[in-house]
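Input: structures, listed below.
In what comes next, chain A is part of two complexes: it sits with chain B in the first one and with chain C in the second one.
Now for the complex of A and B:
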């Protein structure tokens, strides 16, 4: 009898915490989206004004477009690079643990460190990347100053930072593929590509899905990278979803509109992930 | 066959250079004279701690280190204690609404933080927690991921162990902390490492709720230092600050490398 109350006692702190820091904020965001508020003055009900503004807000669509560009580069690049190294590591090798640990190093280091470091690497005049390009006889690239290249450059940096985690995840995935499947394919004279396409790929599909979902969430969560590197520029071409919320909320104190942005970005993330899940499930059944 | 193996090693070593050389360069640049940084490739002509001295003079970096340690330790302790309590209740105690709570927890894991960011900030303002440690700690001491990990782990512990303890007159708190914790070291390590690292590296939330320099966390202080004017466009100083920020986690990584990788691989979860 008393044990039942013990259960409630054990989960009570969680329930209180959930109500305060999750349920209330979600509910309150539904209130905020209909208001104009700078926290100090009284809240002002504005009906659908925030939605109307959003539908006509070039910056909102710019942030969405920037996120899309980021994801279109980041996701395929990450999958290819991670699979490539995971394939190489998935065999009897000396120093395998060392390689894995080295590739993993950028994963554990703070994004602030990585961004400050890459700011130097990307520097137009004297960055290591341009010095390397000049040394091999190519021209300098405006990594962060060229509006068309700034977001792809951030995608490159993010891939460098995160890919170590996905190498490890793919390695786990590859090791779970039963060796008999490859042996059977060998007996039937399958080529390396056929084995990869028809055995490896379907077996690691869940890992690919995980990479896609985590990268998508990561793309919509980009903040410190543009905050330090570009401030969202040049020409707002690196303005990310979270950086835009941050600016609206904490530069301009447009709490109602910032909450509206947050609400829609969150909705979009969930929508995109559900679509991705459907696509992956279809791929598996084919 | 032999040459193929060599090719593989060559590519793998190239990978090591790509992923680690930038950090090596960063450390060398932070030790180099300012003039040499723009042309530095490997080693500077002489090394000095001048850039580090300047960081220490310009920003309260040791105070920020202390803040980060305090906040990360407090959050980690909270997540371990509360996470294991809830995980224990969900896996080993029976009560009405247990499944409902479990589904709520799963749901919060899928909830993007973008939706709660602004309302949570407003909550901090109303609580008067802006510019206090409370704002950095309390919203994070419960975490769905920790609860799920502990629940999974406790489900794998034999019921006999718990029954035996109960016959000996142990209460549930004693069972959890005296009997289960010593048997749950892998789960504690996994949740502990991930929580500590995520808290240590978090920068958006501190930027929002902390404005006074004495309470800033290390990544926050250094991010503001890097974008603000106080580094005075000096490269060495920024890179020295970044190196100091990287150092604690990299040191921990060197010693517990396997645990870091395994923790993050089992969860596939970051930030």
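Now for the complex of A and C:
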């Protein structure tokens, strides 16, 4: 009997935490979905009005599109860069430990700090990047000012910030590839590219998919970078879905609508992750 | 399985110790939870005590300290406890949290006029016109236009017009002199001509690094309070954006403002690159004008380089403009929250706080203008303006300021304008007429 209660005692802190900070907010958000509420005034039941508004909200769909563009740039870039550096760091380099730590450093630095740093680098008139370009005789680039370049610039920055984590994952993947496979390939006279293409890539496939899944989830939650760098501009080209939800909720206090957007977006992420999971499972079983 | 190492007595003792520990843990946890609940529950307020939140600007904190000290000296039986509005991302957010938690102060003195309607509709503010002596006091202090501006849609008044910071154009005298102009541009044409001369590549790297001005390029709604809105008010002699749930900003004045600024951006006279987070471009001589309020005086006096000369002028107006030049006054007002156990006493304190003597104290302490009629003409305040001549243009301008319209979705109105402002003015990808019509359409949907 005592042992049973002891068990409950151990579970209690998590249950309380879950009920207070997960179950209650989710349940409350579900209620909000059918209401109009600006925090100070009483809630007003609006039925499916928030869904109707969502269906006709061009800006939200633009924000979703922007998030998709970000993912399309960020994920392949992340994989290529991370894999490249992981390959390098997997070799017997001098100062290998230093480089491994250096590449990982941006991951542990606050996202806000990194973003402010890049804001300075990207500045059109006084940024270091443009100064370098001018110094070598090239023209200035509107990294964050040009509507076509703003999201790729943010994707570049996000890649720099997160690539260290994925380098580590790829390093683990690369180190788990049996050395005999490479030795056999050497005996067959395979080139470095052939070994990479036919041994390394298939062997680290699960790692690649893990990176894709993690990057997708991380990319969907794109917020700090556009919030600080561009505020969603220029021309809403960097307005991510999360930033839009945040603005609706905490700039304009449209809590009901923000909750509706949040639920819709969460379902969308869930759907994508489930599809990816199926793909991962298929790849692994192959 | 482990128990066989112990005899029966040891087991009983161990169980007893365990139970005792459980009782102690339970008691401690309960005490902590109960004390926490006690702290967070609504405390019974003393009706003879007033809680006052000021802005967290250091000068206003100092003013609050002085006023409260004087009040407490004169009224020891009804003391005021004051504190700056608690830190948060914005004071509005903090006030919202306080409203939800029912921990609002009796008196709050930094309420943006545009927020009042939403709070009033939520029923969290005291209708001040129901308090004895309020209307007489208000009409004595302010012009009828100001009283109209402060009146809510339901006919009640929930705010005391307290202070303003008129938005004007500060200009770098030296830069204008360098391009052969001895007075600032007053009209759009003059501004455009000056902009043409001001645009320069001073370091010879092939890129423009000196402009006539800079407007914040962020689309955040309130940024338009400091560029589009003062220009719109100036062009229209203080016309509203919305009135009685009707959109009225889609008019020739807004078109003129959009076209004027669009020409400046298209001609490369205003930079599109954000200039925040680096050396102040006005002090650095990179921009020759800025639209700003009187708060900039102390700042410029502190940081300006030697020989840096600046003056203030009204914001530019369309070429055919006649009559006074209005601007945005950035009004912040005083409200009494419905949680106050004694609104009459709170009003008595507010009345003391904005008495003529304390208005002068406020002016001297903060360099912000009390919103009272004939401030500049009143001999009582003359000594201050003689001592602070930089504030004279703002005091003159104070006769021609507007606040914000009475509208529960004012932020959304400014957001709609700001979105189109970016597309049409900054990037020039949407024609002006279409942009304003689109902004008006969005606002109509919300209204």
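Just so we're on the same page, the second predicted complex is superposed on the first by the 278 of 286 C-alpha atoms of A that agree within 3 Å, B and C clash if a C-alpha of one lies under 4 Å from a C-alpha of the other, contacts with A are read in each partner's own complex, and residues count from 1 in each chain.
Heads up, the rule we're going with is that a residue touches a chain if its C-beta (ideal position, glycine included) is under 8 Å from a C-beta of that chain, and two chains touch if they have at least 3 such contacts.
Just so it is clear, the model here is predicted, and its values are computed rather than measured.
A.B. asks: Pick one for A:221: touches chain B only (first), chain C only (second), both, or neither.
C.D. replies: In the superposition, A:221 touches chain B alone.
A.B. asks: In the overlay, answer first, second, both or neither for which of chain B and chain C A:34 touches.
C.D. replies: The answer is neither, since A:34 touches no partner chain.
A.B. asks: Is A:234 touching anything from chain B or chain C once the two structures are fitted on A? First, second, both or neither.
C.D. replies: A:234 contacts chain C only, not chain B.
A.B. asks: By residue count, which of the two partners contacts chain A more extensively, chain B or chain C?
C.D. replies: In the superposed model, B touches more residues of chain A.
A.B. asks: May I ask you to decide whether A:70 touches chain B, chain C, both, or neither, giving the answer as first, second, both or neither?
C.D. replies: A:70 contacts neither chain B nor chain C.
A.B. asks: Once the structures are superposed on A, label A:269 by its partner contacts, choosing first (chain B), second (chain C), both or neither.
C.D. replies: After superposition on chain A, A:269 lies in contact with chain B alone.
A.B. asks: Where does A:251 make contact in the superposed view: on chain B (first), on chain C (second), on both, or on neither?
C.D. replies: A:251 contacts chain C only, not chain B.
A.B. asks: Quick check on the superposed pair: does A:125 touch chain B, chain C, both, or neither? Answer first, second, both or neither.
C.D. replies: Both partners, chain B and chain C.
A.B. asks: Using the superposition on chain A described above, determine whether A:104 touches chain B (first), chain C (second), both, or neither.
C.D. replies: Only chain B; A:104 stays clear of chain C.
A.B. asks: Between chain B (first) and chain C (second), which does A:140 come into contact with in this model arrangement: first, second, both, or neither?
C.D. replies: After superposition on chain A, A:140 lies in contact with chain C alone.
A.B. asks: Taking the stated contact definition, name every residue in chain A that is touched by chain B in one complex and by chain C in the other, in rising order.
C.D. replies: In chain A, residues 39, 116, 119-120, 125-126, 231, 250 are touched by chain B and also by chain C.
A.B. asks: Which part of chain C faces chain A closely enough to touch in the complex?
C.D. replies: Residues in contact with chain A: 15, 18, 93, 96, 99-100, 118-119, 121-124, 205-207, 209, 217-221, 271-275, 277-278, 411-412, 415, 419, 422-423, 426-427, 429.
A.B. asks: Please output the residues of chain A touching chain C within their complex, sorted ascending.
C.D. replies: So the residues of chain A touching chain C come out as 2, 38-41, 116, 119-120, 123-126, 134, 140, 142, 144-145, 147, 231-236, 250-253.
A.B. asks: For chain B, which residues count as touching chain A in their complex?
C.D. replies: Against chain A, the touching part of chain B is residues 8-9, 11-12, 15-16, 18-20, 22-23, 25-26, 29, 37-39, 41, 82, 85-86, 88-90, 93-96, 98, 101, 104-105, 108, 110-123, 125, 138-139, 141-142, 147, 171-172, 197, 200-201, 203-204, 207-208, 219, 222-223, 226-227, 235, 238-239, 241-243, 245-246, 249-250, 253, 257-258, 260-261, 264-265, 268-271.
A.B. asks: Can you list the residues on chain A that touch chain B in the complex?
C.D. replies: My answer: residues 3-8, 10-11, 13-15, 17-18, 20-22, 24-26, 28-29, 32, 39, 85, 88-89, 91, 93, 97-113, 115-121, 125-126, 128, 160, 162, 164-165, 168-169, 172, 210, 214, 217-218, 220-221, 223-224, 227-228, 231, 241-242, 245-246, 249-250, 255, 258-259, 261-263, 265-266, 269-270, 273.
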